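Multiple structures follow.
Each of the next two complexes has chain A plus one other chain: chain B in the first, chain C in the second.
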Partner chain A sequence: MDALKYRLLLCLLLLPGGAGFAGTGTDQSVPLEKARAARIKAAFLYHFAQFSTWPEEVLGDAATPIRLCILGKDPFGSALEQLQGKTVHNRPLEIRHLPAGTSAQGCHVVFMGPMPERVLQASLAQLQHRPVLTVGEGEDFLKQGGIVRLVEEKNRVRFEINVMAARRAGLQLSARLLRLARIYEEAG
Partner chain B sequence: MKLVDRCSLKTQLLLIVLWTCTVTLLLNGVLFAFYDLAQFRREKARELEVLGRVLAEHSVAPLVFQDMQAAIETLEGVRSIPAVQVAALYTADGQLFAVYRGESSATVPPRLPVHEETQGSFQYTTPVRWEGQTQGYVYLQARLLGWQERMVRYASVGGSVILLSLGVSMMLVALLQRRITRPLDHLRRVARSVAETHDYSVRVPVEGPVELRELAATFNEMLTRVQEHQAVLVAAKEAAEEMARLKSTFLANMNHEIRTPLAGILGYAQILEEELNDPMQREMAQVIKQSGQRLLDTLDALLYMSCLEAGTVRVRHQDLDVVAATRAVVDELAPLARDKKLELTVQSSEPALIACVDEGLWERLVKNLVHNAIKFTEEGSVAVLLEGDAETVQLQVADTGIGIPEELQSVIFEAFKQASSGLSRDYEGSGLGLTIVQRIVRMLNGQIYVESQPGIGSIFTVIIPRCRSDAAATRATTNGMSQQHQQA
Partner chain C sequence: MRLRGHSRLLGVLLLLMAGSAVAQELPDDLTQLDLEQLLELELIPIDVLGSHIHLKGQWMVGYRFMHMAMEGGHAHEADYPVRPEHMRMALHMVEVMYGLTDRLTLMAMLGYQQAAMESRTVQGTRFETSASGPNDLQLAAHYALRSRATHYLVGLLGVQVPLGRVDVRDDTPMGTGQPLPYPMRPGSGTWDLVLGLTSIHRLGDWNLGVHGDALWRTGTNRYGYRLGHRVHAGAWVTYRVRAWMAWTLHVDVHVLGDVQGHDARLNPAMTPTADPALQGERHLTIQPALNFYVPRGPLKGMRWSVYLDRPLLEAHEGAAMETSWQLTLAWQWTR
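Moving on to the complex of A and B:
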């Protein structure tokens, strides 16, 4: 019994760290459809919230909702509607749309939609040391200080995480999430 | 007799204990092995459950993010456990999502829940729960590996335990059985010695278990009783022998005491009969003589009978010419027949017949038969016929007397019964004559028959072997020789 447990733990520990990123999808030939991609990404936003832990003080009392803010242009369209009424850590999920450039104060997860590079950098800089999970799609999003970057790869949606940025923000990301993500290593 | 019954008590005790031990231990071993197998199965099932839970825990993220590759890699973590045949992940709606096969031949159910049971393997399904929702299911299928080795180990350990136990119990039995076998052995030895030596003074030591003590005590008591009875019997036998001796002496004395005065009476009656001239007085003297004679005859028969009863008649078989002997007896009786005006004849098939008989017995036989015939015949004749062949001599006495009714022919040889006893008292006699005849015939190993018709007459036939019966056994084989001998 004990031997089995150890064996099991050992083999799970030995699993390659970047396993989530190594694979290739089974049906590569079909390109990812726009609407489906949007739906998957929207779901991922919700799951990122599920796998993250915020410091107690930013969450407030038990009734405080988890706010998911879409900064700038909303690329999801109706895909976000599937998240209506869902809960995260037993708190209601609240979705807000904010115009680009506005402060994302009070948000817990911020998706940075397409916006000018400058505005984006300003927003990121503003949120840098706050416990806000920033998600973006830009090539340099992580380099600029973002935490999670969504990547469309062939027919799948994958994600890349800047662990250092998350730590700076005071966010704790679940090891389960990290195991599936490609870890972004900051230069220097 | 069974083979087991041929063994001694000691061996049987040993066998009983060994059997009991073996059967008990085997039963124990088998039951324990079954129990252990069940335990083993339970353990394996539990391990599979734990494995399933751990896999479920690690499958949350791959299921949530629909990362099949990550899911497969998670499942492949069970590769180091050879018992697991299939590890699979299903989505919340039961669709197969990712699968790991321990064996390429293993079948994976395409949908959950699985209803059919796979023979010889365990299955375990556990939901993958995350944030209060079921994200999917982990399905595990495993074989029961290693139980054969376990059973083999069990068998070897059990075998050695049984052997060891048997050895120990054998030693213990060898030590402890003496408490039972030793008293029994004593008992057996004493019983045998009593049977062989008839010495009832020995006693068995009272020892061992209650039953054997009781047995020994009872046996001792029995010996005591037998001893007492034997003493009583010996005393009784001695007393009886003394009595018989006294009786013989008494009889001999009586014989002498009665015969002597009778001889006097008869002698003087004879003289008187000759001396007296007065016919009246002569007749009276004659009555005295006849009465005395009758008394003498009765006494004679009675004494002879009692001698026969007591077995004190000395018998000496020797070669005897029965024709001559018979003629001598018949001549003696001739006056009686003459008195009754009967024709008395002796005929023989051969001039001389040699038979191996006691002379006294033969004479008594002929005398009784002929005397009887004369006694019961009023007119006509009494004929004695002798015949002989190689084996036997036949004596026939035929008369023309009153005969014997058929219903009485079977009882006439019994002591003190005259055929005519109930009918009349016309005929003198004690009723012992034919009884004595029969005894003599028996002593001569012969046979006697009677043919009779009332009013016409009787024929008594006696057949006796020419040689004694202890020679008869050898006679059959040496038949020719004995004939030669006789001819010679």
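Moving on to the complex of A and C:
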């Protein structure tokens, strides 16, 4: 094989990997791994609701749905579709989207999406002592009074629980949920 | 260039390819999984198609065994009083990788080489020499320039530490304890620089990759020479047949430069393997491989690969010995 053939072959092999596969979905607006993470986290939200118990007076009659509210920017997109038509504690699960900074009155589970720190703190302060399961992802979410934090770690999704915050909210979390969680201890 | 017949093997690969592909994708409704199962789901799936970056805190331990058989018989050899006839080499390679961050993975790789060469003098005397010992240690960093579920672009920068012995000796008809020629030496004796770039596309059950790397030798060793620079370019396609099995077809081009300078203890006129000007080579190989993976259970994350026997196609230039067949067994465990 002469030198020219080798050079040609090398050029072909070293072509940028993307060149030959344009339009195969590598540059979608939501990268595939983010969509995969969103689907896993959405399923966790469903289980968090399943393994939480609210005071009787909060739930109302049997037809009252369990409301899962996404407060602020929705990071789940179509991942929430897998929760459509589900029931929690024999009640329909209802999904609501609320703008950041608005009241989450009537929600049973609130996922705090990305929002300015100040708005997040105000929302958490508003929900303190109310029977609302707050879920977030920020590093200081539990320190700020949130109840459950989802964490991406070692290529998997883990969750941490602030048991004191849950107790203040009047929520009961199942032993199984607590066994699988990393427990956050409040300072002092 | 020689085309080697492997029609049976290709037939098996085509049959496997035609078989139903069962992708290990997420179920449509993840709420049906229990919490324990959700906690086990990987954000970036590590599967039979391989893991090309290691996320923060992830370890990968690997072991590779290669056995090569090489043949002499080149035209140049008639000019030398000692001609190499066969060479066998076994290489045990251990590699450890650790994800320092989601993008940066550190790697250490060390091989142990056992080589034996049969030669014949013009008078017809046959003799065998052998040498063994650790190779040079490679320390490198892999950096994910782009990391998507469907596309990885990973850069490699590393250094090869001259741990391997250069002074290996054995008895020959010329005397006892003679220094052995360049191909028998496990080490280079020089600090070398390693550069590389890998691009991998995942398209469903297919994995398509291209890779290029270069080994740049620096300075000369204590015996007054350095080995040739080395360039390698490869491309491969992997197809997942089952969650636990995939096949791969590799195409690789290796270019090795001649030895620069020379070891004054060797007589370059004695044998082609001692002639610095004949150590360069270029060859192209097409190699099939089978990969196996443990997708669940306590051994989850283990991967075995078998690179099947000899190259299907080999174009070879240079006076160094030509590979007649090669077997590689690889084991990896990512946690």
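General observations
Please note the rule applied: the second predicted complex is superposed on the first by the 156 of 188 C-alpha atoms of A that agree within 3 Å, B and C clash if a C-alpha of one lies under 4 Å from a C-alpha of the other, contacts with A are read in each partner's own complex, and residues count from 1 in each chain.
The rule is simple: contacts are C-beta pairs under 8 Å (C-beta built on N, C-alpha and C of every residue); 3 or more make two chains touch, one makes a residue touch a chain.
Here the structure is a predicted model, which is why all the values come from computation and not from measurement.
Of the two partners chain B and chain C, it is C that touches the larger number of chain A residues.
Of the two partner chains, chain C is the only one touched by A:R39; chain B is not. In the superposition on chain A, A:H47 contacts both chain B and chain C. When the two complexes are overlaid on their common chain A, residue A:Q82 makes contact with chain C while staying clear of chain B. Contact with chain C, but none with chain B, is seen for A:K154 once the two complexes are overlaid on the shared chain. Of the two partner chains, both chain B and chain C are touched by A:R176. Chain A uses residues 1, 9-10, 15-16, 20, 24-26, 40, 44, 47, 51, 176-177, 180 to touch chain B in one structure and chain C in the other. Only residues 1, 6, 9-10, 13-18, 20-21, 24-26, 31-33, 36-37, 39-40, 42-44, 46-47, 51, 82-83, 86, 152-158, 176-177, 180 of chain A touch chain C when the two sit together in their complex.
On the side of chain B, the complex with chain A involves touching residues 43, 46-47, 50-51, 54, 58, 60-62, 64-70, 72-74, 77-81, 130-131. Within the complex formed with chain B, the residues of chain A that make contact are 1, 4-5, 7-12, 15-16, 19-20, 22-26, 40, 44, 47, 50-51, 87-89, 159, 174, 176-177, 179-180. Taken in their complex, chain C has these residues touching chain A: 1, 26, 28-31, 33-36, 38-44, 46, 55-58, 148-151, 153, 197, 199-201, 203, 208-210, 212, 231, 233-235, 251, 253, 255, 282, 284, 315, 317.
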